[in-house]
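Shared between the two complexes below is subunit A, which pairs with subunit B and subunit C, respectively.
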Partner chain A sequence: MTFGRRDRSILFTPAHSGYMKSGQGFSAAQTNELEILVFALGGITLGVDTEQVGGVIPADEAEALGMKLVPFSEKIPLGEKPERLQAPKALMINDVTPYAVIIKSPDDILSVRLDSIRPLPPLLAACNACQAVWGVAVREEGIIILIDFLRLHDIHNQNNNTHLAFLNKGGEATT
Partner chain B sequence: MKFSLIEFFKLNTSLRRLWLFYMVLPLAIVYTLLGILSISGFYFDSEKRLEDYRETFLAERKNQVRSFVTLVTQSIEDIPQQQAVEMVKKLTNSMNGSLWIYDGNGAVVYHHTGVRQEEKNVVSPKNAGDATSLQELTKITGDKGEGFLEYTTKEADGSVHSRVVFAKTIEKLNWLAAADTGTSDVDQMVTAERSRIYKGLAFLVARTFIISLIAVLFIFWILRPYVDRFMTEPVKTFVTTLKNAQNDLTVRIPVKEKNEFGEIAKLFNAYMGNLLDIMKKVASSAGDINIHANDISGAVQQQASVTTEQSAAVTEITSTMEELSASSSQIAEYSTSVVDNANKTCDDLKTGAESVSAVIAKMEEISTDNDHSIQEIYELGKRSKEITKIMEIINNIADQTKLIAFNAALEASSAGEAGKRFAVVAVEIRKLADSVMESTGEIEAKINEIQEAIERLVITSEKGSKGIKGGIEYSGHTSELLIEIVDAANQTTDSAKQISLSTQQQKTASSQVLNALKEIMTGSTQNTDAINQITSIATNMALLSDNLKEAVEKFKIE
Partner chain C sequence: METQQSKSKLILDELRSREKREKILDVEEDTIKVVIFSLLDGLYAFNGPEVKEILPLLPRYYVPGSPDFIPGVINIRGDIESVININSLLGLPDSKPSPKSRIAILEMGSVRSGIIVDSVEDVIDIPESFVKPPLTTLSSKVREYVAGELMYQDRNVTLLDMRRIFGRLGS
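== the complex of A and B ==
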């Protein structure tokens, strides 16, 4: 299985309320809706752009394929204590193969209007752990926190390097 | 011994009177009776001879009359009438009497005096009537044709004369001839002879009496000294001794004679000796009797007290026994009821034992069925687990289908407008997978509920099985206990019957005891009366002993 690499990072500017896809000059004028894959974590509904998801397979199968698994609940400490997942699923990230994000299970694929997407407040945006969250889709059923898997991948790699450096320096970690 | 006639006849002693009465007087009476018998015999012999004497003369006279009448009748029959009349006249002239001849019509053919005199002064026999009438003469003749009739007549001067008439029928003429003659001279001769005989008899009696009297007096005179010596004098001695004894039991009669009086004296002396001994003992015993009578009186009074207490006790016992008898009757009735109840209990227990046996059999069937049910439940649990596995497989398939649908939707999303229709299909597939997973979830939930219910049912069934087995075990114990109880009930029934029988016997025994106690009570009352009588008797006996002592003291015994 091969997955295409597409930059789905969204940039918010104070001038408009829409978002832009990072890297490929995404503009809100080209499309008014965004399809997201919705999943839940700790009672919070999360969403990810379907273009960043190369596919869904069982986690054990992904591990058998030799993919690098990113436990989402550990990287994004939202909500309550991370629950123990039974039959977890692996969301394969496009363009950064062979990485896959481990979630409980995908719940749905929704289309959200772009003008319903809001940027994070500046206070939250300063949070290191919240660097992978790029916005919030407001819907009548509730809000959906939008995640950028590529940033999550970057955060994951960054943390792993820090951890390796820490191990090489004798155990003094720095963040 | 001086003889005195006055003294001789002096009957001043009873012994003499007795001697005279029992010896002389009987002899005199016997002698007199013999004399009377002899005189009466002589008298009757004399009268017989006088009668024979009279009969002899009377027969001679009758023969004369008969011969005369026979001669007359033969003359009338044999010779002519005139000659016969003449002959009759001649004959009548020589006779001392009368002659009559009647014809067949009752008319007087002939009478030696010419006219027949009526003989109406006949006094004996009274039925003779007119002895010379044709009617009387016809009676005399009777069937023999002849007959006599003796009769007496009383004359106007009062003299009585005896006569005899003979009548004979003259058959040839059908006449009747009769003649009579006087017989007073015969009676006069007999009277003279009787006087002569009685005179001789009187002389004989007088002579015999005088001689006898003299003989008796002589015998009395001869025997009197002997009588006085051997009878009167000893009796006088007895009488004198006894008169002078004055209750002296030591007095003795001198024994002089060797006859019956000597024996009497010896016996009297011996009797007096014995009487003296007895009187001494009586005197000694009288004192003892007095003492003992007082002792008896005291003892009897004590016994009376005891008897009174005993009577009261018997009364209480009788009352108690009456209550006991009533209780025995009630117990007998109750025991009968107990026997009935015991029999019913025994029957019920047998029925209960049979029911328990039936319950055990049913419980064993239930246990077997329950084991089968548990086994079936186990099998049902296994099957439900298999269903769970199948549901897991279905769930996995649905999960994979869902993943496929998500992947299809992702692909459709990346395909742009071209993939929208495919995305719709993917969404439907994903919804179908969700529906399947939801259904499988519900099925799993139901199966879990079923399994939980099965587990609870298994647990409950196992508990029930244990309970049933425990019930069977307890029922077995119960059956054994019931059998033991039935045996015990049988023994109880037998015991109850024995108790009933015993109570019946006890009831009878109580009644008998009660009757016996009533008899004892009656006897006690009688005993009390007897004791009272004994007390009275003892008192009287003490009094009598005093009197006896006084009486004994009147006798001289020392």
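== the complex of A and C ==
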């Protein structure tokens, strides 16, 4: 895994080669742990399965590459005024149609035990706006909200089939 | 005069006897347990058996996209439970957290959630007949969530219908 490579094309790549594509034959029996990329936005600690992550590059470079960029807080309300990101990163999502979600920066990569993951409580599981949140990883230091970026993408497609304007709607991010 | 006294005595005896019978009836009447709590200036109650636990305020974690009345989730010994801000459901302004604030964990069927209250005042058993229909002065939005009214220390207490609230929130 590499952060800050000189060519800046990829700031992060999954550690292991031969990674499964998301959803391809994962079985809990195969592993007791899930590797997640952790990042924080709006004071919330969020995590995404590293299998869904194709890489992390500066957002302006992703824009220059013509990649679809989705400001995270535009897809899921973060409960407070979106913070202004000084040097946002584009978290590239492995999908049929690659796209990127704008985040502040990746904070960590953690292995969490499957038995420390809890589903959302019923009242939240019933909430449409929380569809992209699939569970919670419970740790001593606090909890990590687990996001499924493929579901986020589905929500995105449902809500907006037109090409996405990049950022700065409401001054959320600056490249 | 003696006849008059006897009559009054008889009436008083009869009244006492009726009072005793009523007391006996009261004792035999089914009782319900209620947990009385405060929100701002008002007193409210949960149906006792639905309250599984009462906890101090715990660190709360916001879940992106969650509705206004669910300000987050809490970690209870490794289990994650939602927390409801009941003020917003009842059309009340938000309460300020204080050392008396509590989270009551309620469970009905498969749904379990915490409710933030300003303080827990008492847990009492009352005859079912003490619960009166909801006040007609309540707004229709709030009345929907109210099972009835009762008196506690000369104050009116609103008994919430949490089954209906959970049903509405979960739908």
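The rule is simple: the second predicted complex is superposed on the first by the 131 of 175 C-alpha atoms of A that agree within 3 Å, B and C clash if a C-alpha of one lies under 4 Å from a C-alpha of the other, contacts with A are read in each partner's own complex, and residues count from 1 in each chain.
Heads up, the rule we're going with is that contacts are C-beta pairs under 8 Å (C-beta built on N, C-alpha and C of every residue); 3 or more make two chains touch, one makes a residue touch a chain.
None of the values given here were measured: they were computed from a predicted structure.
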Combined model on subunit A where subunit B meets subunit C, clash or fit: fit
Touching partner for A:130 - first (subunit B), second (subunit C), both, neither: second
Touched partner set for A:76, first subunit B, second subunit C, both or neither: second
Larger contact residue set on subunit A - subunit B or subunit C: C
Touched partner set for A:118, first subunit B, second subunit C, both or neither: second
Which of subunit B and subunit C A:109 touches, first, second, both or neither: first
First, second, both or neither for A:138, with subunit B first and subunit C second: second
Touched partner set for A:93, first subunit B, second subunit C, both or neither: neither
Subunit B versus subunit C as contact partner of A:101, first or second or both or neither: neither
Nearest Cα pair across subunit B and subunit C, whole Å: 24
Shared contact residues on subunit A - subunit B and subunit C: none
Contact set on subunit B toward subunit A in their complex: 399, 402-403, 406-407, 409-410, 413-414, 423, 427
Subunit A contact footprint on subunit C (complex, rising order): 59, 61-67, 70, 73, 75, 78-82, 84, 110-113, 166, 169-171
For the subunit A and subunit B complex, residues of the former touching the latter: 4, 35, 37, 50-51, 53-58, 87, 89, 105-106, 109
Subunit A residues touching subunit C - in the complex, by the definition given at the top: 43-44, 46, 76-79, 116, 118, 120-124, 126-127, 129-133, 136, 138, 142-143, 145, 147
